[in-house]
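Notes follow the structure.
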Amino acid sequence: MFLPILFIFSLLPFSHSAVQDFCVGDLALPDTPAGYPCKKPAKVTVNDFVYSALGVAGNTSNLIKAAVTPAFVTQFPGLNGLGLSLARLDLAVDGVVPMHTHPGASEVLFVLEGTICAGFISSTDNVVYFQALNKGDIMIFPQGLLHFQINSGEGVAIAIVSFSSPSPGLQITDFALFGNNLPTELVVKTTFLDEAQVKKLKGVLGGTG
Amino acid sequence: MFLPILFIFSLLPFSHSAVQDFCVGDLALPDTPAGYPCKKPAKVTVNDFVYSALGVAGNTSNLIKAAVTPAFVTQFPGLNGLGLSLARLDLAVDGVVPMHTHPGASEVLFVLEGTICAGFISSTDNVVYFQALNKGDIMIFPQGLLHFQINSGEGVAIAIVSFSSPSPGLQITDFALFGNNLPTELVVKTTFLDEAQVKKLKGVLGGTG
Amino acid sequence: MFLPILFIFSLLPFSHSAVQDFCVGDLALPDTPAGYPCKKPAKVTVNDFVYSALGVAGNTSNLIKAAVTPAFVTQFPGLNGLGLSLARLDLAVDGVVPMHTHPGASEVLFVLEGTICAGFISSTDNVVYFQALNKGDIMIFPQGLLHFQINSGEGVAIAIVSFSSPSPGLQITDFALFGNNLPTELVVKTTFLDEAQVKKLKGVLGGTG
Amino acid sequence: MFLPILFIFSLLPFSHSAVQDFCVGDLALPDTPAGYPCKKPAKVTVNDFVYSALGVAGNTSNLIKAAVTPAFVTQFPGLNGLGLSLARLDLAVDGVVPMHTHPGASEVLFVLEGTICAGFISSTDNVVYFQALNKGDIMIFPQGLLHFQINSGEGVAIAIVSFSSPSPGLQITDFALFGNNLPTELVVKTTFLDEAQVKKLKGVLGGTG
Amino acid sequence: MFLPILFIFSLLPFSHSAVQDFCVGDLALPDTPAGYPCKKPAKVTVNDFVYSALGVAGNTSNLIKAAVTPAFVTQFPGLNGLGLSLARLDLAVDGVVPMHTHPGASEVLFVLEGTICAGFISSTDNVVYFQALNKGDIMIFPQGLLHFQINSGEGVAIAIVSFSSPSPGLQITDFALFGNNLPTELVVKTTFLDEAQVKKLKGVLGGTG
Amino acid sequence: MFLPILFIFSLLPFSHSAVQDFCVGDLALPDTPAGYPCKKPAKVTVNDFVYSALGVAGNTSNLIKAAVTPAFVTQFPGLNGLGLSLARLDLAVDGVVPMHTHPGASEVLFVLEGTICAGFISSTDNVVYFQALNKGDIMIFPQGLLHFQINSGEGVAIAIVSFSSPSPGLQITDFALFGNNLPTELVVKTTFLDEAQVKKLKGVLGGTG
């Protein structure tokens, strides 16, 4: 009574379905606009679907007293093609995630601990939406819009952020403007900032030119 | 020096951009395949982007000793059109989220507290992927595949789950098979379960026929 | 008068358009989240677009007296990237396609011969939609929802089913629960079925553990 | 033991899930780029998912001795948002579906009866792919490319065609060129056809100007 | 010989196809995540598909000596649902389009007249890509990344820019940071700019707080 | 003060973000349904984002007195995955772009110089939308619909056309019908054209059979 069942199995596209069920990214192959090519289903194990790095606090001993620990497709290839990813945000006292955007995804932040003042700026006549968030609150940051998070509490703050893409990207405005070789003259022309201000921040952020 | 700037503002499609930045769902209007129509930008406030219900434990005084508290588009309309949502999972001791699928989204679970034995079954020759997850671990459940979560620890377990759609849907296999008026004869024919077993579970889950 | 035309040809991206027109899958290369890489246009022939296996009845000498003959991307690589696929369903007398889902596609069934009782269960408060279908009737099964087909007529029944993806996937609930090494204890815990019932079906379906 | 279950039900977004499971089109409301707004879930019945018109032969008493009977979203609103549709093709002896395109979908044709010579023309250096198809054969016609079907057998031919969109559209080249008020002079200029030929076909197809 | 043709017409979903061919936006109805509901096909004329405002130079008598004249969905509703839009860029001598992003689209710029120094900053370790563009050159600005355009020539410069969405959005960093009521203290905290600099630019750009 | 910043850099997925920001196509690798695999970010330069061929008039010394100079993904791989492309259209006096479709994209045309009579035919009861366009006018041609452009002025006409895909494809009806080896008998049967007319155009356009 057993073989007949296997028989219908052999009529079903199982060798393929594995790829249709999921597509664990093979980071050794070139990426595509839709994500990485898939690891062979036969080589996929439960370890491709479990990741533990977000359980550990990021190191906040840095200028911004903050750390973002990503679980994006390059850290966690099981997310490849599935349309979402996570990250952990640690904010020491006075920590701040400076103005930034995620060019490739919308974000929802869940406060695990502490108090976070978070906000985003709409491209519509520049309306600002911000609020102090407490443990258990969630807040939305729509794709591509400038937003920030500040530890507005007494102690450390921790959040889990979730994104609508396996590779949301991250562009921190200050690093983009002052942390590279974009000539000071061009920064001044395109931001209206004073030259002295630009040079000062290039100094802090390692920019040249 | 101020008016000239406004002048270029007036050349930009601001009245529309608000809608392009985000589309807070107006649940009073009929849904569409892409989500709900958008609330008028002028009526949108920061409250449309912040939600607090996930900060409170769900009531686990039920048969499965578990509760799912969703922040899907119908609870949190700010997610409309943004391609993601969250939920909180509370598992009392011995709590279980029975075999289920999300027809509309992939899921990533983050363990906030306790120990959870979680797994999913691939449609590919039925390979089972499951593991005990501890605080800080995350696990992927690909779209549409049967999966489950069990509290395998001593105390309560809590998780935040994130989905790749504002309305992932939820189909708990037992409720679908035994919690409605699907005739016992059809359940037996399509599941190979014994009639007594089907009737027993229909009794527990409120099914008829 | 002939060369000048060829001249404008040479200005058009023909070498590429072939790939834009269609992308016959090269199954020897790793899949991607969007499908398989494309076979070289120069090697594509009409045979890549024609498939004959659905003209032959599947073998229904098995436990469920049914056979599904797929024309998914792995059988018919011409479908790669085109967003649809077909399959043939053969149901002997008393044949049944047990409760199952397609994680990756919606389905429309067209009855070629016989009478089929088909239905699906919505994830919404478990509403069941089912009906007896006669020759020429078509029925929709939305993506990811549990559904079934039963030969409810005197003779054989045949249907052509069409899917909204080249790789819809197929997860038959019984095979997923009882046809693998998922420990009996976990099946019991996540389905509320009696242990004896689980062991009985594991015996029938080749499950272990 | 029954109420507690309902309790967890009340925590789940059921009122919405119905819409997420499917979105039966309300044709009385204006369409959107993603399809029609959804009929209220409470008013949806199994009849919204079953359609019988393809069981009846189309009337082939016309110039082309052919009839296309569509089950697109406007005939069968249950398909709204689901990404596929069907149609029935009837070809009397010598019947032909003239050169046409579907601007919005790829197509797969399944021969139910008779013999059909079918083909399409790739936009790539105009390669023609055509073949005689017999009962049970399926053939792919990629989105937007010119294709045709001719009854090349002794008797009638019937096919079921499946599309990758609920509204594939249909543009029959002859009707587009000769069945409207596009001035003869413009048709001649843009097709290189002789004026007499254009006028002759405008006469047959009801064109003016 | 004429009526029979009309007969097959009546079998085709023409009343719907209009909507499937295009979906001219009805801006009086609420937007949706996929765009505006469609204007009734019967009311659509060629005027819905033709727009002339880009033929006129924008007014560059403003602080940035630049003007952007959009043909986005709100100005040109015929683009609704079609996945692209255009805009005209006028740069007087010394004109500049300051650092900005388009949250919803990638951009390609075509130089009609003059010389434009344009560039963007990748979110990848902040690499800057910029170059002087002459008449006839085109340049890509990927979605969501900071970019700028400066008139680097002797005379006026004009460009036509094309976007991959009917509503690309526009967020000019300076206006977002200094042109609204975002408290100076928050701007300082999230940008590392000196308070004096922030206040100075708020003064210029009409910001408060 | 500098190292700490780099430290948080090292926590961010920069090696990947490059690919997420853009995916310059590597045309040496096989295409996929979503586009070409990405060139290694480290090898990408500003030259991958700038293209100059549209600054030069195409050669219109051909039968149609017209030339299309594409900047599609195969000419300009920087467009890969970004959802848009451009082309330049040159029309000598009496030049015409014959009836054609773009199977993969909608189009917007911007008139740079001269006067162009352009139109498209909807698949809806064959409504024709056409108009004479002057310098600065833009016109929409929805995806997959037959359309044409004619130089209706005294001098040359030039246009920049923008598409909603990096590979829109191009199928010129005459070349598809008369420029290949599609047997005359099949052309006659599927177009109702007179055999003499078909043979005449096959002669002009290099068709055989």
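The letters A, B, C, D, E and F name the chains in turn, as written, and every chain counts its residues from 1.
By our rule, a contact is a pair of C-beta atoms (placed from the backbone, for glycine too) under 8 Å apart; a residue touches a chain by one contact, two chains touch by 3 or more.
This structure is a prediction, so every number in the text was calculated from the model and none was measured.
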item	value
Chain whose mean Cα position lies farthest from chain D	A
Centroid-based (C-alpha) most distant chain relative to chain B	F
Shared interface numbering between chain B and chain A [over half = same, under half = different]	same
Angle, in degrees to the nearest 5, of the Cα rotation that carries chain B onto chain F	180
Separation of chain C from chain E, taking each centre as the mean of its C-alpha atoms, in whole Å	42
Whole-Å gap separating chain A and chain F, where each centre is the average of the chain's CA atoms	35
Centroid distance [mean C-alpha coordinates] between chain F and chain D, Å	26
Whole-Å gap between the CA centroids of chain E and chain F	21
Sequence positions of chain B contacting 2 or more other chains	15, 17, 20-21, 29, 32-34, 103-104, 119, 123, 127, 130, 142-143, 145, 165, 169-170, 179, 204
Touching pairs among all chains present in the structure	A-B, A-C, A-E, A-F, B-C, B-D, B-E, C-D, C-F, D-E, D-F, E-F
Contacting residues of chain D [partner chain C, same complex]	9, 14-15, 17-18, 20-22, 41, 45-46, 49-52, 54-56, 71, 76, 78-79, 82-86, 105-106, 108, 110, 112, 119-120, 122-125, 127, 129-131, 133-143, 145, 160, 162-165
Residues of chain C defined as touching chain B within the complex	96, 98-99, 101-104, 117, 119, 121, 123, 125-128, 130, 142-146, 148, 150, 169-171, 173-177, 179-182, 186, 189-194, 197, 200-201, 204
Residue ranges of chain F in contact with chain A within the complex	1-2, 4-9, 11-13, 15-17, 19-21, 23, 26, 29, 32-40, 80-81
Touching residues (chain side chain E, partner chain B) in the complex	29-34, 58-59, 61-64, 66-70, 72-75, 103-104, 165, 167-170, 179, 204-206
